[in-house]
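Step one of this worksheet: look at the structure below.
Order of writing sets the labels: A, B, C, D and E. Residues in every chain begin at 1.
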Amino acid sequence: MPNYAYIIWIPLLPLATFVLLGLFGRRYLKTSSGFMGTVSLLVSVVLSFVAAKQYFIVDGKLNGAYRKITAFKYVWLEFSPHLSIDMDITIDPISVMMLVVVSFVSLMVHIFSLGYMKGEERFATYYAFLSLFTFSMLALVLSGNIFQVYIFWELVGVSSFLLIGYYYDRPSAVAASKKAFIVTRFADLGFLIGILLLGFYGGTLDISLLIERLTSLQSPQFLGMAAAGFLGVSALTWALTLVFIGGAGKSAMFPLHIWLPDAMEGPTPVSALIHAATMVVAGVYLVARLFPIFSVDAAALQIVTWTGAFSALLAAVIACTQTDIKRVLAYSTMSQIGYMMFALGVSKQGGENGLGYMASMFHLFTHAFFKSLLFLGAGAVIHMVHSNEMKDMGGLRKLMPVTHIAFLIACLAIAGIPPFAGFFSKEEILLAAWHANKMVYAIALFTAMLTAFYMFRLYFSIFWNKEADPPHSHHGEGTFSMKLPLVLLSICAVGVGFLPFATWVTADGLPLETHTDILFSLAPVSLTLMAIFLAASLYKKQNDKPAKFAAMSGGLYHAAFKKFYIDEVYIFITKKIIFPLIGQPIAWIDKYIVDGCINLLANSTAKISIGIKDIQSGKVQGYALYFFGGIAALAVLFIYLWK
Amino acid sequence: MNTIPLSHILMVSTALFFIGMYGLFTRRNMITMLMAIELMLNSVNINFVAFNKYLYPDKLDGMFFAIFIITIAAAEAAVAIAIIINLYRNHQSIDVEDATELKF
Amino acid sequence: MNLSLLILLPLITALAVLFCSGLKQVRAVALIGSVLQLAASFFLLKQYCQARAAGDHSPMLFEFSQPAFAPLHINYHVGVDGISIAMILLTAFVVVSGILVSWTMEKLSKEFFFLLLLLSLGAYGFFISLDLFTLFFFLEIAVIPKFLLIGIWGTGKKEYSAMKLALMLMAGSALVFVGLMGIYFTTGSFDIMQISQMHLPVSMQKIFFPFAFIGFGIFAALFPFHTWVPDGHASAPTAASMFLAGISMKLGGYGCLRVATFLMPDAAHAYSWIIILLATIAIIYGAFATMMQTDLKYINAYSSVSHCGFVILGIGMLTQTSINGAVLQMVSHGLMTALFFSAIGMIYSRTHTRMVAQLGGLLKVMPFISTVFVIAGLCSLGLPGFSGFVAEMTVFIGSWQNPDGWYRLATILACASIVVTAVYILRAAGKTVMGPLPNNYIGLTDANWTEKVAAVLLISGVVVIGVAPFLINQLIVPATENIMQQVGKAIILK
Amino acid sequence: MLTDFFILLRQELVLTAIIFLLLFMKLGKERTNESILIFVNLLLFINFVYGFFCNTEGILFSEMFHTSKLIVLEKNILNLAFLIISLQSYTWLKTHKQVAEFYMLLLSTLLGMFFMISSGNLLMFYLGLELSSIPLAAAANFDLSKRQSSEAAMKFIISSAFSSALLLLGISFVYGATGTLVFSELPAQLNQSPLQVFAFILLLSGFAFKISVVPFHLWTADVYEGAPVAVTAYLSVVSKAAVLFVFVSALYTVFKPLAETWYYMLVILSLLTIITGNLFALRQNNIKRFFAFSSIAQVGFILVGISGSSQPGSASVIYFILIYVFSNLAAFGVVSLVSALTAKENISDYKAFYTHNPLLSWVLTIALFSLAGVPPAAGFFGKFFLLMAGAAKGHYVFIAVAALNMVISFYYYLRVVKAIFMDSNEQPIEKLMIPALPKLALYICVIGILITGMASCVYDYIYSVSTGF
Amino acid sequence: MNASAVIFYVISLGILTAGLLAVTSRKIFRSAIWLLFSLVGIAALYFWMQVEFIAAVQIIVYVGGIVVLIIFSIFLTQQSGKEMPQPSVTRIIFSILAVLFGTFFTGYLVNQYFPNRTVSRPFTVSVAEIGTQMLSTTEHGYILPFEVVSMLLLAAMIGCIVIAMKNTKNISAPQNPPQH
């Protein structure tokens, strides 16, 4: 048994950084905090790479398949003899892959932030939060217990909340952070109930054990769960759907996606890390983690598929109309995650049918690099122009050559132009969709085209279009620390597509044969190129074609620009239904009925007290009458009536 | 007197007792209220003496009780009248309805 | 360890306070006393763990019994199990920090600290009592200091609140009294351990369980008898709010568990649906009511109603895990809400307002207090890493183990409250510590050292439970197993 | 015989001696009030201490007088209460003209109570009752120039004469029906026949009048309000306690054959009493009147305890009365000081009392808490045991109603506390100079309140001497 | 019906009529006089029952003492000729109801309990016997009540003096109670 115990240090180092910076950073480590965070994370990254090498190349395989290794286990909270929250380190292909992605992207962001966040008052706090996030995310991906997942799920949520609200004196940032937390919290409710169901019927919270029990069709747990039902749907479907709702919330799937665009209020490196590369794919990761169970329940997979496909399309449409560059990127993230989701949805467990699973993970992997690259590039741009709006930009290619090239690479990668990384992963997804469901394939293809369009719309608007205003020029492109990550990530965005991913990460651990089919690739690539040319024609030079184009599409453009009014629906539900129709009545009931009853009791006592005061009339003869009345009443009562 | 049953004497005393009580309830003059109380006490005395004579002639319990009641009635009357006189000094009235400052 | 020390220490401290003069002496004495209490509690914990490790499996440890009022079968009988120890530790923590938070209480300082210590005396006594009479005695001891603390040092409509609190709690204890009478005259004993050995007739249980449960429930903010909570908490001075929510409401939960459920398990089964109904209503309703509040203290008070609903829910579900969860929730809520109130108190003492709408951006001028506030809020909304999460999850898991379908529905509804909790906590935190800073708050200062120590003490409690719940779980589980044995008997009998 | 006579009657003889000593002092040369007061209090202290010696049992004068450990204890409690009241009224009496007469009157009523408690037949009981009430009416009039004082005295004497007439009617029927007046012979003759029940009700009304049970209570508040504070304290504590002692022993021994009847009577009367007392106490402003109604409610609770008719029941009643002596007298101690020094008697005058008089405020507060039944004050124990005794019969609804009524009582007691501590007042009562003797009385009461409950030996002793069935 | 019975009924009628008039007459002085007649009637009843000692005490104490006291106090406090005020109608109605109820209820109970009992044994009381028993300490001795009553009278006297003696010389100090 190879020793993987050192992996525990990978999450623990950021945790240590967090504790140190959280307690003392503000006062004592104000300037050195960035350096400290980066160095400790660098160690984690190195360890991650070592672990990846050891697992994938040296000794991960047993009988030709990658196995699941539990490197560490501690019973953290024992609910009952069978149910307990364990703190596990589980090593399997996806966790190792995620380990590398998370630590590496996080390191890039750490480095980038050294320059980007320089001079901020809460510099140390920023790094503390980043470390907290990195810790939580790393621990999340290493989890082997579903409740452990939930714990770190919540922690990444709160880190995201804290980082979105980093500029706490901006009301919009505060609102965005609140929104992000509450929406994902709502989704987590589903996750939690799903866990309760799985834990109860499965009789354990350990994921491996759950998978073992719920995938063997004869096990009592599976039979019990399939037999139990609510509203005509089996408990298994309920549980998986609810868990998926949790994942959908975190991964910004429709209709729980509304928090993601607003989350762009946070510092841009944060968006690159959390809202592009790592946290938002946690939902995909969650489904992948439980994929064996999902694979036995077709209904749940259908839900995953269609939610993913619809989200991908919807986000792409909206992204075409947004003018805030970070929002465009946010919608693009949502769209890409939709890809990953439906790729999982169309997959099956094992063998050739498991292509979707592999593709999804592959896309997750490549997406992390180019999307964080895009965000960091956008960050560099924003750092320069001090604005998020496209209209304030244009012609920056000369001012920021490094950024420009990096951004272009990323755009090409996301558009799926060979040989950039995105091409390979997207190709697999489309292939998986083609085999499973033509309708999904059609949507995917259309979305791919839209993706290319809006990405290049973005690219051209920033770097071409009008000429740069002179005032921007004195800034320079940024420090070395900002450029380095761009370069490194660009290399990744180009190179990672060539990794033999299919031999490493598959649904069942067995390597999967993949081959690039030129004929199949023809359609998507050509459509993508068309979309790029369309974007170039519209946005490369300043002109009025975009406006005309928008006018031509009529209501659709406007609706997309307004994000299809989904935010408004939410606001309507909260402000017009929950607050006035549930909250206020309850507050009213509490004040006037529940409390009113108590007060009424007190007041009526006082009333009675006043009402009977005339008995004490002050007239001694009246007293005597009452006296005799008392005797008479007692006499009659006890002599005649009490028998 | 052999022919008069005990109950008749008791009826007389009962009637007298409640006549006294009526007086106590309705007379507004304190001194007349006091008189009403005397009537009530006297009726009880009749009871004691009659019981002693008719039912329990062996001992003199009822007789003595009556004697003590008479004594106490006197003491009570004396104190009551002293109080009434003091009240009269303070209130310039012995109407019981005038002495109703203390109430509720 | 002699448990009477836990009663004597506060008593001696309280008396010593009376002989002090001036704020400085008084608070020094009070602090020393309360720190000694804390030390004693930890010592007790140590001894307890040692005894358990040495293989002592008797249900109660360090028992001591001394007849008092022998003709009435009353004993001064004390002893502890894991639950009591958890509660004692909670009390000790809250007391120390409560005293630290009131460090600058100028108005009638002697009386203030005296009453605080008296209140802690009641709480300690309550938690170690194994005799129903002494239990009731200490329960009532804890009522009057609250009345005076709120009425004299409070703010707002303090007289009304103080009176309401006192009267409702007295009504609760009157009901408890009837329950105790029923138990006593059916079994002829006041001794909890003795009574638990005899099985009360089910018909009697059915009569007296509601009295005991609702009586204690009023202390634990059982819906619809919770209305003293918001007014009382809101009007109370900071330390009193901390004591009230942190300790006093726990008296009710502990009583529901130790007296009502433990001694009358059959009735607990029979009535569990009502308990669960009320608890679920309290959780949801409390959460929504909180959402509509505009005063920070009211927010925390209503959220206490909601959170204490989990305690009741856990008890009502009658599974080992859910009862564990109820106990955890008591400890957790005690620490967390005390922390929350201390933060609110610190904010109020500087800004002189508690209205959310008037506050904003405090993170800029008082980063420490704001951090405490946010931590308390996060703990309240059940964030992992803090105690609230551990407790709530245990309650949920435990509740789910009850196989009744309707109870499951109740559990789901209870779970749903975590979303509403997030809404109101984030609204409050967002408005208060975040956002732009109003101009009139620019010169305000951050926490001083006493406030910092108080907050750190409570936070450390919250975090230790949150990060290492296995520690407290080890303490509680043997005790709840004991209770479950009792409850288990009832199921068999059914 | 003669030694018996001196030993058994010793408490009464000492009291008589004190009365005559005072009479001769009054007839002798003029003395200052202070000297008389100190002298009297000394005598009373001796009397109190003396009560603890030679604790024997016995019967005198063919059962007209009997004594036992319980009775000695009861008399000691009354002596103690009298001593405390006497110490407290120092401030008021210092300027009064007829100090010796006041003591002679009150001491003769105390003597009457002693005879009543020791009485072995209805004649002695009646005489004791009259001796304890007629001079008291005169004492109620001791604020001679105050209109309210004489009104109170008038109401008292007329009401009590009326009640004693009815009581006598009842006694006469008992005599007629059974042919005996001796307590020890009565139980054998009693049965549930209508006339006997009626006679019992008449007798009960006599007791009920004295201890202010609703609906025979209406005189109470008016007399308490109008009478001088010392007399009010005396009425509410000593006179009530004495009649309660007799009431308990009469019910438990003499009227045992009617136990079923009187149990339900007590249930009804106690609930009526508690509720009415509470409801009236709610809106009082005069503090003496307030205490009148609060003491009515207290009596209701005592009736609950009596209804238990067990040994713990009677022990609890006596125990509670002891506590009640301390609690009520602590309260009256403060009230009498304030009344004597500032002539203020309203609850609203007590607003912000704490600002200048912390000591008195705490005493009053502790007393009120004890009355309300809040630990650690002894009242908690007292009330707990009373209700517990009542619950022994198994009528839990009755107990629940009584217990919930404690909440109302809590409200009005706390209202006073609220006035003292929380309300603001532009002119709070100035700092009062407390003379040594009243201060001593206050300390005795407070110590009593705090100790009596905690020290279970007190209860154990009372339990060991009391009886029940 | 023999003469004794006739006498009894006459006396009873007298007592009740005088009593009724005493409590209803509007003039206070007349009231007092009717009371006097009623008390004398009761004394007569005692004579009829052959308890002469009680009858004598009745006349001495009541007629000679209390009524005189009352009449003095009437003079002190009131113009005797004035008519006394009437109470309210509701009071009268309730009083009548109460009294009627009381009378019939008590009468009924008494009749039920003592049906037609007449004197069974001779009952003779000598004054000497009363005196001996009154001061005897042995069986059936009444020395203790006697002493208690004397204390009561002393106390009552003190009380009366204190209350009634105010600035002026008191006129209504009790002159009557026989001291031992």
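One rule holds for everything that comes next: a contact is a pair of C-beta atoms (placed from the backbone, for glycine too) under 8 Å apart; a residue touches a chain by one contact, two chains touch by 3 or more.
Just so it is clear, the structure is predicted and the values come from calculations on it, not from any experiment.
Listed by label, the chains touching chain A and chain E alike are B, D.
Contact with both chain B and chain E is made by A, D.
Each of A-C and A-B has its own count of C-beta contacts, and the greater count is at A-C. Distances between chain centres, each the mean of the C-alpha atoms, put A farthest from chain E. With centres taken as mean CA coordinates, the chain nearest to the overall protein centre is C. A separation of 31 Å divides the Cα centre of chain D from that of chain E. Work out the mean CA point of chain B and of chain C, and you get 65 Å between them.
Averaged C-alpha coordinates give centres for chain B and chain D that are 27 Å from one another.
Annotation: 77 Å between the Cα-based centres of chain A and chain D.
Multi-chain contact residues of chain A (touching two or more other chains): 602, 613, 616, 618, 620-622, 624-625, 628-629, 635.
Within chain B, the positions touching two or more other chains are listed as 10, 17, 20-21, 24-26, 28, 33-34, 55, 64, 68, 72, 75-76, 79, 82-84, 86, 89, 96-97, 99-103. Counting only residues that touch two or more partner chains, chain E has 87, 91, 94-95, 98, 102, 105-106, 110, 114, 140, 145, 149, 152, 156, 159-160, 163, 166. Across the assembly, chains come into contact as A-B, A-C, A-D, A-E, B-D, B-E, C-D, D-E. Interface of chain C with chain D (complex): residues 68-72, 74, 133, 136-138, 140-141, 143-144, 147-148, 151-152, 158-159, 162-163, 166-167, 170-171, 174-175, 177-178, 181-182, 184-185, 207-208, 211.
Of all residues in chain A, only 621-622, 625, 628-629, 632, 635 touch chain E in the complex they form. Against chain A, in their complex, chain E makes its touches with residues 87, 91, 94-95, 98, 101-102, 105.
By the touch rule above, chain E contacts chain B in their complex via residues 1-2, 4-5, 8, 12, 15-16, 19-20, 22-24, 28, 31-32, 35, 38-39, 42, 45-46, 48-51, 53-54, 57-58, 61-62, 65-66, 69-70, 73-74, 76-78, 84-87, 91-92, 94-96, 98-100, 102-103, 106-107, 110-111, 114-123, 125, 129-130, 133-134, 140, 142, 145, 149, 152-153, 156-157, 159-160, 163-164, 166, 172, 174, 176-178. For chain C in complex with chain A, the touching residues are 164, 167-168, 223-224, 226-227, 285, 288-289, 291-293, 320-321, 324, 361, 363-364, 367, 378, 381-385, 389-390, 393-394, 396-398, 400-401, 411-412, 415-416, 418-419, 422-423, 426-427, 430, 433-437, 469-470, 473, 477.
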